[in-house]
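Report on one structure; see the data block that follows.
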Amino acid sequence: MAKLRGTGIAAVNYPTGMNLGGDPSQALIHATTSGSFVVSLSSSDLGQGLRTVIGQIAAEALGVAADEIIIDTADTDTGPHCMGTFASRATHRVGNAVKAAALEARAALFAVAAEDLGVCADEIVTDGHGNLVVAGDPGRSIPIAEMATKAQFVYGRTIAGRGSYMKPKSPVDPETGAMDPDSTEAHACTVAEVEVDTETGQVAVLSIRSAYEVGRQVNPALVRGQIVGGAFMGMAHALYETTEPYYPSPEHKPKDFSEYVLPGPAELPEIDAVVLEIPSSNGPYGVKGVGEMTANSPIPAIVNAIYHACGVRIDDLPVTPEKILRGLGAR
Amino acid sequence: MASVIVNFELCGRDVEVLVQPMTTLQSVLRSQLGYTATKEGCRQGGCGSCTVLVDGEPMLSCLLPVEDVAGRRVVTLEGITPIDGLHPIQEAFLESNGFQCGYCTPGMVMVAKALLDHDPRPSREAIAGAISGNLCRCTGYQPIIDAIEKAADRLSGSGEQTGGR
Amino acid sequence: MPQALNVVGRSVVRSDGVGHVTGRTRFAGDLVFPGMLHLKMVRSPVHHARIRGVDLGEAERVPGFVRALTWRDVPHNVYTILSLIGVEPEEEFVLAQERVRYKGEPIVAVIAETEAAALEAVAKVRLDLEELPAVFDVEEALRPGAPVVTDWGNNTFMFEGHPSRRVRLGNVEAGFARSDYIVEAVYNSSPIEQAPTETTGCVAVPEANGRYTVYTNTQALYFSLDNTAIILQIPGKRLHFVGGTVGGGFGGKVDVIVEPIATLAAMKTGRPVRYVFSRSEEMQVSSTRSAWRIYMKDGVTRDGHILARKVTSYADSGAYSRQTPYALTKHAANVAGPYAIPNVSIDAYCVYTNRTPASAMRGFGVTMGSFAVEVQMDRIAERVGVDPWTIRFINAYHNGDLRPHRKIAEDATLIETMQAAAAFVGHQLSDEQKAMTSAPRASLEGVR
Amino acid sequence: MTVTDYFLPRSLSEALDLLGARGPSLMVMAGGTVAMPLVNDGISLPTQVMGLRHAGLDELREEDGELYIGATVTLTRLLRQQALPVLSEAARNTASWSVRNMATVGGNLFTPPPGGDIAVALLALDTSVALTGPAGTRLIPLGAFYTGFMTNALQDGELLTGLRVPRVAGDTAFIKFGRKASNTPSVVTVAVRVARHDGTVTDARIALGAAGPHPLRASAAERVLAGSALGPEAIEAAAAVAAEESQPFSDGVASEWYRRKMIRLFVARALDRIWQGGEDR
């Protein structure tokens, strides 16, 4: 029984946001009487942590702690329009909208704080710890929470903001394909190690190690979650998954998880990554989208590693043990 | 058709339900009793998201006629969640980001609970084996195994123990 | 000077985490309403057929049966998924009318007091179908004489007058002529299911004020609302969509398949209606990542520069195009890869077959393109006789480069990312590779 | 269909009475891991169902060197018993923990291929099944229980009540090969038992799962081994014959072509494991 090891790489780019643009997202923010902020959206959290990440962006812009943000999503009666959670767009698009709304709310807060502190609004800064401070005069400050309460009950003012972000829709030239397909691009390079059993054709993925460049990370733990989960999904795509096991024949279409073959926890390889942060020019705080791309580079990296291991190049996904055995037999 | 009355213990309290014959425990929990932590991912026994403990053993509530658990002790995720705070297993899942969408999480936590009750210090291989019937499409399992390992550390005393009962 | 950040960049604990680990997070399918009815679908048992008749007689006699819906009940019986962003044609029926074009296509919606009654009634609907020849292979589907899936005589989607989404830069034939090597391969993938743990579903509830609240796990709340309003021909203000908590999406919950019919059922019965896919529906009927066939031909110089790339891609859209045309455009924009190639010709076809319709999935249009490109890069490296890292450094795009879609690159970091990966795994790069950056080239000579 | 009656008999006689009274339209279910998915999806629409979970058929005991396994003994209990490690091994490689807590040994005999891994191990051990009807219990070899794809030797009014695993000579090996390491449908399941005397095979069993319409024995391959000196040559020959005589099928997990290759490989690997282990005890 021969077990052959090999290493493969792949390097990819991935666009952030809907191809060609034209995909708006909007946000509304208002302060509560106790100085927390409600962010109203109609954006869906698929599990990637949209609520958390969007809350962090709002908190950053407002100068408050993340747990002062209440995310109210998703309800079409209360949340303004969002195109949807797909196309690696949410952190970029919704993030930009929320940042804009937060800055407007911040300006409203500063205006009333200026009145309260007897200074010009542009003399006020946030200290990152929930306080409004007169620049150059740290002694003169007021907690944001207290200022928000006073805005309601003493000054009768609304601390609120609106935000919207849309990259205008661009056309495609039907002859040349000239188009503007992205807002920014993230990158990944993955190195996969595999072991091929030449008698069964089975592939064990030993490791998937990657470098990612995803602009600014809003929440590194959640970025890592996407990278690890995406690597596993990429491995599943590369080696196991198909709704048409004999494609293009429609026979033997799986109907449940016993027939639709997915790797399980016992197939988990070592998955690790290093992340570069090179801020984008148009994402909030320089973000790029990372949600979708994480399954992409592992697939060719694994397929290239299989070739390196046993000299069989399979160009037909998924790379099942049967295809490898047939490939070994044909050599 | 005549409905039938079934009594069983649910999370420490006695419940009595009136059901059509062979209604699943899953359906009773979710639709009649409001115990919606028990999820519905396939009703085929293939995803583990409806896992509950019956007399301490993990079982799939989608495959269990509720009549079969008459007189037995059923524990769902609601039953191990303290009123305030979290069970150490839940805390470990939270800290390790052992979930993304959260849909498989109740089943994962219930299997983890049963595993740690049987084997307080499982190897990573044993953890992977225990959760092999629980599908997670988001995380790639790594953070889930991390979370269960962390919970084992805490519950068996090498880490600080908080919350839970 | 970059501002110091206080919250962005920190791994704060997820704000919905406690809900998830306690199971208190509420998903759409967790909701139960008094008087709630259940909707199950009668689906085509064959891949392609003319519908001669539907007999509901026996189904109507099942205890608990409430009513059935056929295409005649649907005010505007076509899906309009991309019409909101201007992509035509409207071609997919909400409930099949004269023909079914894939196995599993919905024909009759059955509404009953319990799920069991709905399932029994579904089993008792009699379909009279005249089976038609079916086509499953993308290239076969494009040949003359192939069974026709669409209503317009061929199996091709038209992109502004062309049967493919085209990208043209330079002159590929001239590029091939100047090349030392030609590297050609064909890459295939079969369809993949998003397989979220929570299946697609919703509950539609009539409200006292004449509106309908729809609790749904859609990835796009307004998109679903607007499409539902069009299909039901009611003003959007009568709809209130609530969601935001999705038990895994991966693109599979963008299709607006369950909400319109569930809402119609609620309108017709005056009661809350639950329509949640079974796992087998999610597996067999919900849209997939499409299958791809990608022909790739590259002209390469002896020193490893790719001079020309010609790509012909076919996406197997299945019986309806849903969001696949969008993916073809995205595919065409990206299938040259993160490399500087002066002559590019891409034709990407959206092909109809008698298969479950494909639609969005994570990496839509790009995932299989990246697979093809990156396996192709290894083929080129082997042909040129350099290692896989080197071929990628030689061809990596820089800022300032003209991409095949004619946008100037401005966020290129492939080189830095590869350098980081090499360092991470301990691969030794050459001094030249280590010194490279994605900064604009000193002279465009380098890119020819 | 809406079930109108769900019976949970508390004894075998009660179960037999119900079966007699209700006839073949009474669906019989034990652990529910095969039947309930079909009911949940509306593929199976029974009106009357009998669950055997509380019918007292869950005895697991050793007597006179035999292991008696009640039909509703769960796979978890089979896994934990120590009398026959090969059965533990088979149970460990079947389904997931939660399913093993519910699925029964008897039910495994009714699981369509590629399921039925426990039955493969039982076949290699010359197991008999006890079929009990109004007239009493008859014992038939497990191999005779299967009559075709999803058909068996049960007669109207009979229940499968238990299994008798005799004390048999020889060494055993069990290998389940699937697409993944655990909780996997079988590509092929192999159980072998080889008795030897002074290096010569005196008795051999080769049982296969996912290699035909039901778990089956590769009898021709067994004959190749019998009387041979167990070693690479005999192993290769037996494996080749086993692959040839089996009737593998294509499904979503593996093609017929691949299954046949793997039958040959894993019969050889299982026999090799016995050969490498040396002659027993």
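For clarity, chains are labelled A, B, C and D in written order, and residue numbers in each chain start from 1.
Quick note on the criterion: a residue touches a chain if its C-beta (ideal position, glycine included) is under 8 Å from a C-beta of that chain, and two chains touch if they have at least 3 such contacts.
The shown structure was predicted, so the numbers you read here are calculated from the model rather than taken from an experiment.
Common neighbours of chain C and chain D, listed by label, are A, B.
Counting C-beta pairs in contact, the pair that comes out ahead of the other among A-D and A-C is A-C.
Averaging Cα atoms per chain gives one point for each, and the point farthest from that of chain B is the centre of C. Averaged Cα coordinates give chain A a centre that lies 48 Å from the centre of chain D. Distance between chain centres (mean CA atoms), chain A to chain C: 18 Å. Per-chain Cα centroids separate chain B from chain D by 30 Å.
In this assembly, the C-alpha centroid of chain B lies 33 Å from the C-alpha centroid of chain C.
Residues of chain A in contact with at least two other chains: 46-47, 49, 221-222, 230, 233, 245, 253-254, 256-258, 260, 262, 264, 266. Across the assembly, chain C contributes 13-14, 16, 114, 116, 195, 245-250, 278-280 as residues in contact with two or more other chains. Taken residue by residue, chain B touches two or more other chains at 20, 42-44, 46-47, 97, 99-103, 128-129, 132, 135, 137-138, whereas all remaining positions touch fewer. Chain-to-chain contact here is organised exhaustively, every possible pair of chains being in touch.
The touching residues of chain C, counted against chain A in their complex, run 2, 4-16, 47, 85, 103, 136-138, 140, 159-162, 165-169, 185-193, 195, 217-223, 225, 239-251, 253-254, 279-280, 283-284, 288, 291, 316, 326, 329-330, 332-334, 337-338, 346, 353-356, 360, 362-368, 370-371, 373-375, 377-379, 388-389, 392, 396-397, 404-407, 410-414, 416-418, 420-421, 423-425, 427.
Of all residues in chain D, those touching chain C in their complex are 1-3, 40-42, 45.
Contact residues of chain B toward chain D in the complex are 1-2, 4, 20-22, 24, 43-46, 48, 51, 54, 57-60, 62-65, 67-68, 70, 111, 114, 128-130, 132-134. Taken together, the chain D residues at the contact with chain A in this complex read 37, 177, 179-185, 250-255, 257-258, 261-262, 265.
Listed in rising order, the residues of chain D touching chain B in the complex are 2-6, 8, 31-33, 36-37, 39-41, 49, 51, 53-54, 76, 95-99, 101-102, 182-183.
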